[in-house]
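Pasting the structures here.
In the two assemblies presented below, chain A is common to both, partnered first by chain B and then by chain C.
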Partner chain A sequence: MSLEAPEPSTHADVGVTEEGLDYDALESLLGDAVIGRETHVNAEAFVVRPDRVANALSVLKEEAGFDHCSCVTAQQYEDRYESIYHLKKYDDPTQEVGVVVPTSVSKPASQSGESVYRTADWHEREAYDLVGIDYDDHPDLRRILLPETWQGHPLGLNYDQEQHQVVPLTEHANPLQEDHQEGADTMFLNVGPHHPATHGVLHLKTTLDGEQVADVESDIGYLHRCEEQICQQGTYRHQIMPYPDRWDYISAGLLNEWAYARAAEDLADLDVPEYAQIIRTMSAELCRIASHLLAVGTFAIDVYGDFSAIFMYAFRDREVVQNILEDLTGQRMMFNYFRLGGVAWDLPEPREEFFEKTRDFLDELPTRLEEYHNLISSNEVLQLRCVDTGIIEPEVAKDYGCTGPVARGSGVDYDLRRDDPYGYYDQLDWDVITEGGCDNYSRVLVRLREVEESAKIIEQCINLLEEWPEDEREIQSNVPRTLKPDADTEIYRAVEGAKGELGIYIRSDGTDTPARFKIRSPCFSNLQALPEMAQGEYVPDLVAALGSLDIVLGEVDR
Partner chain B sequence: MSLVDILGNALGLGPLGPLEDLLLSFVGAAFVGTFILLNTAVAGPWAKRKITAAFTDRVAVNRVGPFGLLIIIADAVRMLSKELIIPDGVDRPAFDLAPLVLVASALLGFAVIPMGNGIQLADPEVGLAFLFAVASIASVSLVMAGYASNNKYSMLGGLRAVAQNVAYEIPLVITAMSVVLFAGTLQTSGIVSAQAAPLVTIAGVSIPSWYAFVNPFAFVLFIAANMAEVGRNPFDVPEAPTEIVAGYQTEYSSVYFVLMYLGEFIHIFLGGAILATVFLGGPAGPVLPGIVWFTIKIWAFFLFTQWARSALPRVRIDQLIEIGWKGLLELSFVNLILTAVIVGVIV
Partner chain C sequence: MSSHNQDTTGAQTTQEARMGEGVDDRFNSKLREAFGSSPFILTKFDSFMNWVRGSSMFMLQFGIACCSIEMMHTYAVKHDLDRFGSGVPRASPRQADVIIVPGTIVSKFAPRMKRVYDQMPEPKFVVSMGSCTCSGGPFQEGYNVVKGAEEVIPCDIHVPGCPPRPEALIYGIVKLQERIAKGETSPVTVKPYELEEFGDLEDDELVQHLADQIDEEDLVMRYNWAESP
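Right, the complex of A and B next:
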């Protein structure tokens, strides 16, 4: 394919019809690159020749308008390796298509999609790292989550779990040695893995030109806990649900649980009672408020540089949300409250007390937000710091697969709650917040304003719940004791998590545990865009940009 | 009458010989030093916790002793009993000297500050010049610490400290110069006594001619430059936790860290003392004794720095330099020239 900027296509939406996507039109668009068709629960998928991947992706992106490479899933079957590119459109994420790339077991290599979607870079590295597929033409195919010295690919079928990972001392002889570059007028600086501003264990390999960032490379994986593998060993019904709480562990637990619940329910074709959907919507938005407040607070720390008032205020208000969630779920962080087909239990008794407590919080919230705006968004020093720094243009953000407040801060009007409705969101009155500044300031502003919208949603949910007839409070549908979805059904489903699009891919093999469980973490994709934001900026703005991305390393590394 | 004479009188020594003068000077210095350290090392850290907590809606220390006061002892024991870790490859003499120089330079400044009730160790005619000269030795120690630590964060911090001090020292001194024009003397006691005369009398309450009232513009300029000089928010870029970890003091531990930390505290208080002397009438104030008023004034400045710390974001290093060179420097010269004209024409 050519590297020149493509002409704006006159038919950038091939295949779009009134009744949905016409996959036959898309297939004919791809021509002889396609060697087969698969049907996933969420969309059709084309099986593409491994040497024509970039070409096929590029056609789908340029001519059919699939500008969002949401996720790349890799897996090994008995007879083949497979990479699946889950493509969507930012304009309408319900229009999905999968690109399945099979490769042989003896020589698992397929063409890289990195030249089409920048986001494929990290996703393919992860696939290489965990599953063991080689991607030709990939610019930098190294391990990403596991250490460089790791032997084998843990999610491959013939990986020996008992195998010792022996790392000779020579590997770590002098990690500082390459530090000293003769004649270079730049300075290499390790920001992290232990640094006050990395929000966990993240390692930024930074090259400084004076105080300015010449280059920055994220080194992740310090918090890799094999979450995907854990989920592949758990049964659908009960054993998986506790784990999503631990991905984005900063109070976004219910949003994560919903991601699994949505994927698994669609996979096994389970219904969720309306009443339970409202509870889910309400509690998920509470989580979103808690998560956004924390994001704003920690961002303030990154910019203020000290324990400032705004950080503690954010924690004070988040505490109220946590108390409400504790009343509801019995837990403050690791909720484990959603169940396939509903939620674990009804609202706490007495219900009036719960409603009152939540309403008190919502009544108080505008005053609190006013305080935040006084301290943050209308603070001139902060504006001086954050406006026009850490810029990411909308097209670049899309290329990196940015979602959530990061994308919306760049003016990308993309919110799965509205665009791919689930739960009770489409019945409620609320707005998607976007800001066009593309900078650190916009991203924070989006979060602050989204808190208001979440409050609106919660309020409406509470009203609905309060008036719900007592004999119709059905919290769970009838779900078989042991769930065994049909063999070889595949699904990729996403929800709007606190940080963006949180997607789950599940392939079932007819047993009660998933054959492949893949997590598409929004932070993973968002963090990948950090160099775009930080290059040429000063060190303080690198830190601010990182803070405005609001990453949680538990979700990045899984 | 200087502190030495007061001590001599109190001890009934009569006219002092050179040896007695020297000895009493040491006693006086010990007294002043102890007073300052009581404020900065003992009360300071505890107060900082309490003040910051009040600003940020917390309670802070309250378990050890009444109001958590005994935490001071616990802290001291903890800090001093920690292992002193000296990394490989540090430049030993500089690394060891930096904390001492920092503390010494700040303490030395208090020698010429009139604290009221005759407590002033020395009163040279170039008092103010001495004060600024001594206070700016601190930048040398910050560079020493930053450069000797063999750590990139430390070096960045050290370089930032120099850039900042160079940029803000000039406006600071120039603004103080405008006061000197009014007072007609560099002697600190002279500057204080020049502020004693009443400025206006409203309904029987006479407002003294403190230079903060006479020239509020210079006062504001001075506070801004002073905040940068002592490296507090929004100008705390040389330390900048979250950016460069702890700047020049990243590698300091145990006693050395205590000294660095202490040196910074003393510097804030010295900044407050200079501010009080030059703009707030020194130890002057009604009813209470001078030393009490003096203490109140330096604590007020400390409180102000803590307020800024809780409420203001840090500016970026390039913005800091820009504010210094393009803003404060020009304004301070404008202020100086205007003052010179006004003093020349009117006074």
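Right, the complex of A and C next:
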């Protein structure tokens, strides 16, 4: 609840020293599973034998305290396939380590990490789907984003994009036909992919026992629009930046752009002027407010009913934020405002008008928030629906790699803005919000209270910007016209997006486009935890749990 | 008149306040005045039906991607699409007249969208919103992206933009209403991708390869990425 980092846990933290991680100590911990070492920009990585993956991961998790498997990246080289497990600690995300698992081209199979980190389940399915690596002992290795009948693995090197594909409609199982799945009392029910409560195009295969959810399985991929392929085709300097806006499209554009900007700037070793960092911090927090408002508004729809007052209130306030952002960036939603090394342009002239407009919004916000609290958090109906429903315990949340308001609603004190500082956050006075309820109610409360914190940050940024000397307003550093980072440089960097840890893995091959561009989406991991929250609950609580996760399918499917 | 209420409190009821004094003339609207003394108008039945259709459209509550956020803003306060008689979102396709297609359509979703469209009752209209539904937009080169909604269902109005502003969407919908009111029909469009039974597909290598995975009677959509426009 403060800027102080939480107390380190009781793990035996092998290799933790004053100067950073002692990777040699970690390597000796892994023993003969390690067959090499790689140096990535963010951390060292151990090359591990494909048949010892679970063992190596389990040692790193249990004995060295790496309890957060934030991402699994798969890629194909000319001579091998490779899976990289990016591990971190929830207590201190600056302590990172990579586990690289090479496999042969002829038979790309390695051991699954699912038994160690639950979150690896979906990540490995995605790796199988898009790149074509097999994972032994994986409980359920099927395609996840593309249809079951898809031919080839599109992010592999030999994929023919022009071949025909046949997509069947069979997944629309007739609910009456599949009536009795186990025993006499269960019923199969499709929710989605076109359903108002799924916030987009998500398909939930639910098995009901009476009115309770016996089993729920998310079927995703209805908005898989090849973001990674498109980014791999674009040049670093300008062609990639428009796309992050479209991952998490709920006005969180600038937060996403920052994820790419941070990864690429660290990869190519670019500086960002302080003035630009303040503008970035301010505008990103405006985006966070807009995003949380929509989350709260649509959650109210899910819980109360069709197009209710709260939805209209939230959209009224979003319009104000969008107007401010439009003044700044020229666009309501797809901002494309950040540049590598800074931002596109300075604040709009006359600056006083912009400051006044933003201040008016901030001054109004406490009253608006009070109104939200009256309508939402102190509303008895909502409390009955949300308190103690959709429970996810902190340890389970960590196992699934949950981040953002979902983790913080379960009391996991993890916020990259404070724990892995970037931008101007570490110079400002604000708090990380956590709630210990672990239920739907806590998650909504976290979002509402984070809006207050964001407002605090924006206000401080405005004060700084207002007093900044006119001749020192440097908005971009000197960036080469064509960026060509050194060949085989690898980096995984994350920022705190609206939904949680939004990470980017980039591998460069010496050209002006990335060889591999992997997006670690917070919604992808958060959604994976849905069965834990919904099983045994009533159907309406499933909908409430889904709403409180605040997923956006553009980011889940990418 | 509820004299009982007046006896106890002396205050007006809501109903009394609405009725006002004197003769009840709530139903004598401006329109009625325009008709004059006769309560009848003379018009062709078709024109009347078209005018009715264009003036009261139910939208399908159908969100796909980024554009659906701007679509929600169009429905919500400030832009309030309902002012134009066309903004009541219906969650079921069986109750909807118009489907706004707001976002990128990918291979897995196209058959489902076609199914939703088929479930809407005639006459039905389609507004394709955003560049993705015009051509695939920024994702046109993706291996999984259908190059526009028109590949799957016929479209009446295209609203380009990424995403279009709410004003642009309102303009597109009002244009559609005008066209419906005038009785104009949509141009016939070519749809390369249809739902068909697997057994009816041309028997080539791919179909033979998939034969043990898909039943003969299953509906499938076959994508020809090389030849789609």
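Points to keep in mind about this one:
As a working rule, the second predicted complex is superposed on the first by the 528 of 558 C-alpha atoms of A that agree within 3 Å, B and C clash if a C-alpha of one lies under 4 Å from a C-alpha of the other, contacts with A are read in each partner's own complex, and residues count from 1 in each chain.
Simple rule for what comes next: a residue touches a chain if its C-beta (ideal position, glycine included) is under 8 Å from a C-beta of that chain, and two chains touch if they have at least 3 such contacts.
These numbers come from a predicted model, not from an experiment.
Of the two partner chains placed around the shared chain by superposition, chain B is the only one that A:Val539 touches, whereas chain C remains out of contact. In the overlay built on the shared chain, the residue A:Asp79 is in contact with neither chain B nor chain C.
Of the two partner chains placed around the shared chain by superposition, chain B is the only one that A:Ala309 touches, whereas chain C remains out of contact. Applying the stated contact rule after C-alpha superposition, one finds that A:Asp32 touches neither chain B nor chain C. Judged by the touch definition given at the top, the superposed model places A:Val167 against chain C, while chain B stays out of reach. Look at A:Met187: by the touch rule set out above, it reaches chain B but stays clear of chain C.
When chain A is checked against chain B and against chain C, the one touching more of its residues turns out to be C. Once the two complexes are overlaid on the shared chain, A:Glu470 sits clear of chain B and of chain C alike. Within the superposed three-chain model, A:Pro196 lies in touch with chain B and with chain C [touch as defined at top].
Common to the chain B and chain C interfaces on chain A are residues 195-196, 306-307, 311-312, 316. Of all residues in chain B, only 52, 55-58, 152-153, 156, 233-234, 236-237, 240-245, 309-319 touch chain A in the complex they form. The part of chain A that touches chain C in the complex is made up of residues 146-151, 154, 159, 161-170, 172, 193-196, 199-201, 221-227, 229-230, 233, 242-243, 246, 249-251, 294, 306-307, 311-312, 315-316, 318-319, 322, 332-334, 553-554.
Within the complex, the chain C residues that touch chain A are 61-66, 68-70, 72-73, 75-78, 89, 91, 103-104, 106-113, 115-116, 132, 138-139, 141-145, 162-163, 165, 195, 198, 201, 206-207, 209-210, 213-215, 218-226.
On the side of chain A, the complex with chain B involves touching residues 187, 189, 195-197, 211, 300-309, 311-313, 316, 375, 379, 381-382, 384-385, 538-541, 543.
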